[in-house]
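These are the structures, in structure tokens.
Each of the next two complexes has subunit A plus one other chain: subunit B in the first, subunit C in the second.
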Partner chain A sequence: MEITLSDNALKTFARCITCLARIGNELAIQASSSQLLFHTINSSRSAYQCIAFKSGLFDAYNVSSNSLQCSVLLKAVCAVLRTPITNIDHLTVRLPDPDAPKVQWILDCYNGMRKTYWITCNVEPDIHHLSLDRQKFPSNFVVRPRDLSRLLANFQSSLQEITIIATEPSSLLTDASNEIGGKEVELRSYMDPTKDNDTLLHTQLWIDPKEEFLQYVHTGDPIDVTFSVKELKAFLSFCEGCEVDLHLHFEKAGEPILMAPKFGLEDGSHSNFDATLVLATMLISQLHEGAASEPPVGATGTHPHTEERNASHMLQENCRANVSFEPPSDHTRIWSDLSASAFKSISPLEERQAQGETILNDDGQREIQRISTMQISGVASVPGNNPIDSNVPTEKDHGQEPQDAMQDNGQAISQHHRSNWVDAEEDDEDEQDEDEQDIQPTPPYYEEH
Partner chain B sequence: MKFKAFVTDNGVQLLERRFLPALERTGKSCHLFLTRDHAMFLHLLNGDGVQCLAQFRKEALFHDYRISSQNDDRIAFALDLSLLLRALRSAVAVASSASASSAPTRLEIKLVKKLPPNSTQPMPYLTLETRGYKSAVIQDIPISKPLSRAQVTELQSALDTAQDLPQTLVQVPDLNQLLNLVDRMKQVGDVVNVFISKHGDLSVQVSTTLISLGAEFRRLVVIGEKTNAPAEDQNLSAQTRSSRSISRGDGQYVQVSVKHFAKSLQCHLTRPDCTFFGIAPQGSCLTVIFQFFVPGSRQTDKSISLHCRLPVLDPGSG
Partner chain C sequence: MEEEEAPDVICELENVQGLVDALTAVRWKRQQDAVLELSEHGIVLIVEESGCLQAKVYLKRELFIRYDYNARGGRPRFGVSLGHFVDCLNAFSVPAGQSISSLVQIQYPGPDMQLLLKSVDSLDASICAEIRTRIPDTIAWDYNFEPAGANPLTFTVKSAALKEAIEDLEWPGSSIKITLEPDPPSVSLRAEGHGDLQIDFMYYVNSELLVAFQCDHQASFKYKYKFLRATTSNMPSSVIKENRGSKLSIGRGGMLKVQHLVSIAKPSVSHPYADSVGYQQPSRIAHIEFFVKPEESED
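What follows is the complex of A and B.
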């Protein structure tokens, strides 16, 4: 793979890198004949960003194989782009072959200097895919970045999470005597009950969407979503830099929200790139303040809650198995639940959940791989899916749970998701190859010294 | 206890643009002390730090001022100044959009007790509430529990003590010049020597074993006890004149922390019209007084007062 870009395309590219670096630590790169995909996910797996660059953005775009992927640390890419963009004539990114251990980043500067960086690819790329159809979110709004910045300035700058409450637009004229009449959207600072809030400013801001938003769509009962402010601000800066409006799609508490730039045309077909940011939201709705616990549910509702708790428990197990895994907030849904019944439904909402399941599958698969690696370090020939070391029964027990979960899912998922399973196996093969390559270069390097 | 009022446009100007930014730099949190007639922002009970008192007659900041308590209608609590400033700026921004519709600006401030989400313990808040054409906002600023009767008495006592003024005050004509000097002094040492005489001398100096940096202001305007400079001292060095003045009893000398001194000068953000320095009797503290004129006149605005008291590091020789 070899790509080259310059001028405004380079500025756009740099803005994308800056935004990605504010979301996560690892940059997943996937290249196909028509587009280049950049992904990242934050350590708590509550924020996922994907940016797609069409081949037309680049001065030169050459991808030799049908599909190519690797990952690098975002801080390394940021170091490359520390050179002022105005000094760079063009940037070339080169991956000599699909299994190359390093990615070349070459800066040709106006002053005649050429800077070449080799960034090491991560041994175990953390590739995620999350696809949500933005057309299927029932509610959304479009806002100018500077307007949203002004609105957020009402809140304490250190605010961690924010709640947006949406109500149905009123067709009645605004009643001047009504304090919040005609202001159908509320932005509220979220007070985490598990933290000490004695020093936090509590803000409630009601806004008139007809005045503050370019577009506002919501019908039916009031709904709320609570999500991280940090990632919102990162994406907001990105949209402002690109001189586009911000489009935010949401559904209800506990469901993910999706943000995207709003280009001039509806389908954005004229743009050479697109970006989406998906954020997890707090499970508990803020609309029922004062409730000591979750509202009582009918018998048919009990099972989903149980599944959610099981999912949380499984993730906790993963946390114990892998010290680098940051435990997720108990108040944040990790994209999807493990309810088998969810996959039997054909409704759009359930389909979206099913698609979100992909991340969990990938994560579980990698978790097994990591556990296997710990158990059978140095024995590359043993298949990763079959840990057999009886000396560590505890870890073995932990490792089995994700596997069982995936087996259950395998029985229920559609043909489309079965193919995802196959892709995961292919990833295993790639990882094994990478392990072998990592062993070989050691002796020659030592000999050089 | 109850407190409720509306912040006037003048009050917004005073607080949001002048006094709160300055007070925030003096100390992160302070006490807001409300009485029937006054609202006071006090840095008084902060140990060995800079004491700062900003006192406003209620009409300077509010209209429809209502207060009641079982302690002679006095209410005091601690709050984070940065949060108050953020909340006030937010409310001002929301309210300013109302000007387009020519509606009167109403920025309400009140003391409330609210139950935070998922909590069973009500908490006190100082709440700002306003609405504009595009939006409406409620800002709940967390505050300490209101001070008890005994604590209010203690605060009042500290306030009464802090109101004592030095016998002699000298006026600094150019506060910016002094600010620039103090900024450079911070690079030299930690202790500043301050000398003030009754005939209008003010000198500030930082000395270390290798370098001394300071400045002397002479023939400044004096308020209070005043003497004429001896003719025979005119051609002597500043240090000698200071020593002789202290010997005669018409001058005093104290040492204060450079950090405290610089911190007190942050009150320049309040845009005072006059600034005075004085040393309290027995050299107990260095007092800095900021005076404000009624807009458009040279008359002192008695509805506003602001002064700082800096602890001394070594008893003065006076």
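What follows is the complex of A and C.
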């Protein structure tokens, strides 16, 4: 295999390498007669990026074998591209034969220097294939990278995960839309319940897709997806550098999301390359925070817990009202809609919810890793992936005891309740007094259990 | 009353930044001891490391507006911290944008054998600095560079390109082999580690890259990366901007000499009769030399 590229193609190529290097460590290279594939997966296997270069992108494209593949470390490729692109006349990548131990990267510079890098191929390449049909995602939106960057700037720069909540732009909400402004999409910072979030800034942002998005498609019940911010920003920079819009496809919590550049009107037909980024999402839906408290309270049926539930519900409304800085009546309507939709969704998602909750019951120190493992389950469920991967997490789930799940629910309630108490304290003195009364019944409940 | 004995050297310099640039070029680590040697011809600053790397900065007397040499007997030599010396000189630098130039006087020895720096001709205030000196340790080696053979092995390459090449060669993580080939005329720098990298300077590809090249037989020697990096790591930006060339010569036994030129004086705007734009008198340039011993061959 020998390929050569220069000028704008080289700039695009370098931009792709930069983005891939922000996703994973290992670059898998696959060459066929018509295209060159670069793909990588991150260490926790929750992010997968694939970039396809058509042969037309290259000044010279010679692949002798029908299929050629190898893998190298991305940091080595980044070392090649440390040379400023403006100094490079052309780049040649050469793999002498399919079993060659090293890939040659040759830079011919304008100043007369020639730099030849020999990058060692990985002995056991970790090559993954993941193919998702973007047309089958029920929901999606298209946004300018600059606009999305501006929206993300409202969040703390160290934020790890973010939640996107999508609701249906319905004619039934015509009056509400006129009054509220049609803020059907919410961006929310995700708070990991296993971590100490006291020092973190919690941000919620309601946006009007008509104003912020170029395209917005969602029908049916509200859905949410929670995923990593790091990879999102990497892809965002990539799209901005390529001067294309970002197309994000999603389905629901626990299912992977897919991002791709949007090339003008005809998607990808006029471009010599295409890129997709697939991110796993958190299995636990953020829309069911209120619903999570329902089963244990219903099981006990005691009067003190009923009060606790009511108070919790009230505090949630107050909390959201404070954060959004909108008139209570407007926010209440939004919350009511989400809440109503969430309750309607309890039955069909009960099994998945239970599956998600059992994760919290595992060893706390390894919880993040286990969540990542479950994320693989989400990714692996897609046809074409190794079926063995999807079996392992399932077996672990079946091994969990129902009693542990109940205990875990208690912990979730406690954390959530305490958080609301702190927020409510900022509201007014009366609320604070009421909170103090509500906290007292908590210890006896745990003792009994 | 008996008159005070005159110092060995009193000299005055107009452009301190140029001197700072020249001295910074041989500063490859934070704590570095230097030896200053004074003579009727000027000042030489010498730094050394591990017996494998030596650098010299030649400051000819013509660089100074005033240079009074009064030493009796042998040439005075004293040790001084290079870092302290550079930091003190920086205190005398004129802020960028100011048209007024400050005159700095350097005197050795002071009453207590110090190196004295003082600003003169200043209308507002005067800055004085005293730098403690030491009796210098004997230089382990004061190498007299000898040609490899009857004909020299030498090439001149753009300083910016040399710096870039050496920086890139950090990636493999090993020693660097320099090879000169007479046919076709080229210079190769190669390192082999967890990855391999070879950088070629082709004489005929671009005449502005390899400015001069003399080689009648193939020569190849290895050098430790950290020593080669020291020859370019702190090259002043003025050298890059002026697009100067650096001359590399391979001497007997593979001793490598790297020579840079650093401008000390300001551009000769005040000389209306200059023959060409940017012309500078040779006497206004500091010469910097690095000597790098080759790595012993494992064969």
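Methods note: the second predicted complex is superposed on the first by the 277 of 449 C-alpha atoms of A that agree within 3 Å, B and C clash if a C-alpha of one lies under 4 Å from a C-alpha of the other, contacts with A are read in each partner's own complex, and residues count from 1 in each chain.
Heads up, the rule we're going with is that a residue touches a chain if its C-beta (ideal position, glycine included) is under 8 Å from a C-beta of that chain, and two chains touch if they have at least 3 such contacts.
A quick note: this is a predicted structure, and the numbers were derived from the prediction, not measured.
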Please determine, from the superposition on subunit A, whether subunit B and subunit C clash or fit.
fit
Once the shared chain is lined up, is A:116 touching subunit B (first), subunit C (second), both, or neither of them?
second
Touching partner for A:199 - first (subunit B), second (subunit C), both, neither
first
One more residue to check, A:183. First (subunit B), second (subunit C), both or neither?
first
Looking at the overlay, does A:60 come into contact with subunit B only (first), subunit C only (second), both, or neither?
neither
Decide which partner touches more residues of subunit A, taking subunit B and subunit C as the two options.
B
Thinking of the overlay built on chain A, is A:83 touched by subunit B (first), by subunit C (second), by both, or by neither?
second
Just to be sure I read the superposition right, which of the two partners does A:102 touch: subunit B = first, subunit C = second, or both, or neither?
second
Please give the nearest C-alpha separation between subunit B and subunit C in the three-chain superposition, to the whole Å.
6
Set intersection of subunit A contacts, subunit C complex versus subunit B complex:
none
Tell me, which parts of subunit A touch subunit C in their complex?
76, 79, 82-83, 102, 111-120
Contact set on subunit C toward subunit A in their complex:
158, 161, 164-165, 168, 171, 194-202, 205-206, 208-210
Residue positions on subunit B within touch of subunit A in the complex are 80, 83, 86-87, 89-90, 93-94, 103, 115-119, 123, 125, 131, 133-142
Contact footprint of subunit B on subunit A as seen in their complex:
150-151, 153-157, 176, 179-180, 183, 191, 193, 197-208, 211-212, 286, 289-290, 292
